[in-house]
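Each in structure tokens, the structures are laid out below.
Two complexes come next, and they have one chain in common, chain A, joined by chain B in the first and chain C in the second.
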Partner chain A sequence: MNLNWTAILPEIFITLTALGVLGIDLFYTRYQKDKTLNAIVTLSGMGIAFLLLPFLSAKTQIFTSLFVLDPLAIFFKMVFLISGSMTALISINYLKMEGFDLGEYYGVLLFSILGMMVMASANDFILIYLGLELMTVSFYVLSGFFKTDLRSNEAALKYLILGGFASALFLYGISLLYGVTGSTEISYIAGYLTEQTRTGADSVAGVTSAVLSHPLLSLSLIMLLAGLCFKVAAVPFHMWTPDVYEGAPTSVTAFMSVGPKAAGFVVMLRVLLVALGALEKQWMVILAVISILTMTLGNIVAIAQQNVKRMLAYSSIAHAGYILLGIVASARVLTAGSASVVFYILSYAFMNLGAFTVLLALRKEDKQTGLMVPAMDLEDFSGLSKRDPLTAFLMLIFMFSLTGIPPTAGFVGKFYLFMSAVDANLVWLAVIGVINSAISAYYYLRILVYIYMKEPKVVQSVDNSSSLWVALYVMALATLLIGILPNLLFNVARASVVSLF
Partner chain B sequence: MPYILCFTVNRFMSPIPLSYYLVVSTLIFFIGMLGVLTRRNVLIILMSIELMLNAANINFIVFSYYLNSLRGQIFVFFVMTVAAAEAAVGLAVIVYLFRNKNTVNDDEFSLMRW
Partner chain C sequence: MSQKNERILSYLLKSIKYPGKQQITSCLSRRDTSVKKYASFKHEEKDLTAFLIFSTLAILGALLTVTARNPIYSVLFLAMTFLQISGLYALLQAEFIAIVQIAVYAGAIMVLFLFVVMFLDVKEIATEKNFHPIAPVCLILALVLLGEFLVFIFYKPSREGGLSETVTAVGQIYGTAENIGRTLFSQYLLPFEVASILLLMAIVGAVVLAKR
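And then the complex of A and B:
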């Protein structure tokens, strides 16, 4: 047995940091109001784990190939660590202002990142399930973190019930797949099903193997898809998304719209393209329909929203639809399709986190109490360019990027996605995608209309804490840089998926 | 021969056919599913989710017996642990709901709609 511990060094490090943050809270900052120390430890832990990643030998399988460290896993772990540290940065002042500056926040945040990292490296359904649950259970806690806020409570409740339901579906799917194929290991399942395809083709022409047409296999495929689609908030399973995103603390929402989604997609890549690659004719049709529904519903319902946080929630549903389009395309053009998926997830991480950060930074005066409360409505954005041109300009970058206007990351990402769909002979799907991004321009640019063309209606203020602004600048710069020099990162994305097949 | 069709594996004595176990686990799974969809008490919904997880556990154990592979049984240990963690967090959420609203009926929690 190969026990190469160095491959899980980043995970070990994140675990120790998470426990350390809880320990600091217990012994050191317990009676202190200020929890900045916890945030600093969290950030340095994530930074060290991030710096460790490039030095690990990619293409290691340890624990009887339960855990695999390939370039894809490393790429996604970097995405998780970057978005996680951005979240920690924007949370510091936000939690203080909302009066919930508790040390556990950072600990639970680290545990959720650990769950995602495990998911990115999982080569076995046991580990996929464990990582998924570690991530989801941490997010139950995080979304209900504002304990006395009824909306936060409600978000936690809805996420708990629907998340538990989806995990149970996913688990039942795994159990059926185990029964049909005889293992839970992804590479074994892939080999077994491919072999069945071959023997089926050998015997009688037109008759597939008994395993491939077995109803339990189709049932397990549907249940696995349901569980994964829930995690990435694709349409028949998107009902929780707007409510949970709206109720949860904004910093958590920002991370929730990026991290679990990326983790869900990396599992989807491994499960659908590798493990169930032999069933691609079955899942391709299902996913194509889901992708179209997701894009269309997300974009159309987002138009009707007055609450910006809820609007961004629907927009994140729509973006899941675009990424699913890439996965459908990668059923036919493996490398180009999945590389565009990976690339889009990275650019989406920066632009979406950025948009949520601007929302989080903006506060307005409550007319009744005179206190500064988080700004949520479209009206609250009116006239922001006159009061704070810099924040307004950053919001412009993020909104342009989400719409897909050059020279931003969102444009290049969408370009690669739709190109891979065209390469896969799915021109109609690409056309639907383009129409949808035209629809999305309406509600993204409406925010800019409010910011640049209307007079201020409420007293606004922008959080000017340095940690938040560091994160904001990093995200804006990354959004622009990916848009201007896409080749650099696209080659990395391409190299990371090549190892998958 | 696909594994799933080997009902006739005769190991120690004439075993109960695999399909019997599968019918039981499917029934339990759907009872749990109906519970989540129809009951309004959050505690009972949580119990129904546990029921769904246990239906999957039955599957794992039965398949593990018929396939002569230990993976399924190991998986069940992990599922039980995860279910316990999920229940702990779930109950904590419910405690806070009850403190703030004095009810655990999920119809009462409808601040956010489209």
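And then the complex of A and C:
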């Protein structure tokens, strides 16, 4: 077997770092006061893996083409590593304050990133499934990390039960697809189904081949979609999202709203556009309906929320809807559509992580005990601009970006998404997207109203640890830079998807 | 050895290397009945009888699992279902999976279930007959699902080129431990390693959540 080991070097590195982080706790725990060392090792491991990525030769297939390293995989691995390192940075002080400063946190975080990286590179459904499970099992643990917090326990249990159900559906879909096509390899399935399309077109004009119209294939498509839609939290598979996002530790919620979503979408791109590209007429309709439902429900329910964490959870559902809109569009305009999806995922990663980081940094005084507890409610944000203008301004950037107001990343991202929908002759879908953005402005800007136009109601304080602020500055700068100079990143996004087809 | 047998043997050897692919199907014509007889499962009368016994007992066990009032009985009936299903696997030449089914499900998981039942000290479950108001809806949905699956099972494509051609006929050595091990450590090496990391992760997670 001819093995090009370098292609999988970042994954090997992340695995070794994760084992090292677990090893520090085992051998070194007596000599350290806190878990900063674990965080430093985690960050440097991710940094080295990140720096390795651009030097690897893209378009490599190893392990009998199970594992593929193309520009798309490299791009998404960078997204995972960036958001993962941001999460590690914002977690350091947060875990200490909440009293759960355990070294395993970073190990589990690294394993979840490893799962996502495997998903991004997988060219085989078995590998996709294993990566998916590695990622989700890590998140079961992470969401229940605050062991004494009942809400955190509830989040972990809810995520475990519903996530297991979704994984089973996904696996059932894989097995049916294997039954129909005789393989689990994505490129083989793509070739097989395309061949079937061709033979069908040759024999009788306009009649699709018997395989393509077979109900088993549709059933497997629906099951695969159900499993993936659960992971990206799309309606009607979104029920778990608000409760899990609210109960999980805020640093985990921040990562959960970005990492698994991005991983779900990269698998969706590969499965729908490559493996099941021949079935695009079928999945386009399903995804268009899911996209509209997801956007609308996410935005409308978010309006009613008083808890900011819950509101951001619904907003992340709505954003999944926008991204799905891009996938629907890429059924017709392949490159432009999927490039806009890839672009939006990176912009969304920065702005959403940033919004959650501000929420995580803000603390208020509990009236009964006098202790500083995490601020969660809209009221807790009132008058923040007078107490801490800088934090207030950063929140302004992230909220503007989530709404889609120039000159931020969110505006450009939405612009590309809706433009690709227009290019694909789906003007009505783009119109629904724009209407939804208008609805979302209400609840994003409402936070800013509280921050800038109301008097403080509670005693607030902002976490001023340097690690958290490094992450905040990076995310705010990235949000602005992508918004001001979008062409640079869009070209990278376009180049990354061209290799898919 | 006749020429035909040699050909079959070479195909079977190919199937060892790439059992996931359709190496055999593409070569074995459906009309070549003698080849098919050799390579596909032996659905003879003896097997049919065994299949009927296993599947009937499996369904019976599943029904009794749900209806038994004593949780210990329920768990034991579940064990019975698992054993029958492993018999079905053995009929399909999947010896390895049959053994794993007994070791993992009937062995490890059943012990876990029994342990939990004893740990919680569950006696008989209260025998109230009032159903949840949503029960009829569930019943209708279950029937719809059953109908769908029946449609898929009995669906026959209207013309040639349907699924029946793509169903892979596998050889008798397909499901042996040797064959699975060979595949696992050659073609599917990477998924195997990822699975090992997944298990490590699960252990670490369980310890993190359980320790004080």
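Just so we're on the same page, the second predicted complex is superposed on the first by the 496 of 501 C-alpha atoms of A that agree within 3 Å, B and C clash if a C-alpha of one lies under 4 Å from a C-alpha of the other, contacts with A are read in each partner's own complex, and residues count from 1 in each chain.
By definition in this document, a contact is a pair of C-beta atoms (placed from the backbone, for glycine too) under 8 Å apart; a residue touches a chain by one contact, two chains touch by 3 or more.
What you see is a predicted model, and the numbers here were worked out from it, not measured in a lab.
Visitor: For A:G182, decide between first (touching chain B), second (touching chain C), both and neither.
Guide: both
Visitor: Let me test your reading of the model: by the given contact rule, A:G131 touches which partner, first (chain B), second (chain C), both or neither?
Guide: Second partner only, chain C.
Visitor: Per the contact definition in the header, classify A:V301: touching chain B only (first), chain C only (second), both, or neither.
Guide: first
Visitor: For A:L150, decide between first (touching chain B), second (touching chain C), both and neither.
Guide: After superposition on chain A, A:L150 lies in contact with chain B alone.
Visitor: Report for A:V108: first if it touches chain B alone, second if chain C alone, otherwise both or neither.
Guide: Only chain C is touched by A:V108; chain B is not.
Visitor: What is the contact status of A:F415 with respect to chain B (first) and chain C (second): first, second, both, or neither?
Guide: After superposition on chain A, A:F415 lies in contact with neither partner.
Visitor: Once the structures are superposed on A, label A:F393 by its partner contacts, choosing first (chain B), second (chain C), both or neither.
Guide: A:F393 sits against neither chain B nor chain C.
Visitor: Between chain B (first) and chain C (second), which, if any, makes contact with A:F13: first, second, both or neither?
Guide: It touches nothing on chain B or chain C.
Visitor: For A:V118, using the defined touch cut-off, is the partner it touches chain B, chain C, both, or neither? Pick first, second, both or neither.
Guide: Only chain C; A:V118 stays clear of chain B.
Visitor: Identify the overlap between the chain B-contacting and the chain C-contacting residues of chain A.
Guide: The answer is residues 126, 130, 133, 137, 140-141, 144, 147, 156, 179-185, 196, 209-211, 214, 216 of chain A.
Visitor: Please output the residues of chain C touching chain A within their complex, sorted ascending.
Guide: My answer: residues 20-22, 25, 148, 151-152, 155, 157-163, 166-168, 186-191, 194-195, 197-198, 201-202, 204-205, 207-209.
Visitor: Spell out the residues on chain A that touch chain B in their complex, using ranges where they run on.
Guide: Those residues of chain A that touch chain B are 125-126, 129-130, 133, 137, 140-141, 144, 147-148, 150-151, 153-158, 160-161, 164-165, 167-169, 171-172, 174-176, 178-185, 196, 209-211, 214, 216, 242-243, 246-247, 301, 304.
Visitor: Which chain A residues qualify as touching chain C in the complex?
Guide: Touching chain C: residues 1, 8, 15, 22, 63-64, 66-67, 102, 104, 107-108, 111, 114-115, 118, 124, 126-127, 130-131, 133-134, 137-138, 140-141, 144-145, 147, 156, 179-185, 188, 196, 199-200, 209-211, 213-216, 219 of chain A.
Visitor: If we count contacts the way the header does, which residues on chain B are in touch with chain A in the complex?
Guide: 2-5, 29, 32-33, 36, 42, 45-46, 49, 52-53, 55-57, 59-60, 62-63, 66-67, 69, 71-72, 74-75, 78-79, 82, 85-86, 89-90, 92-94, 96-97, 100-101, 106, 109-114
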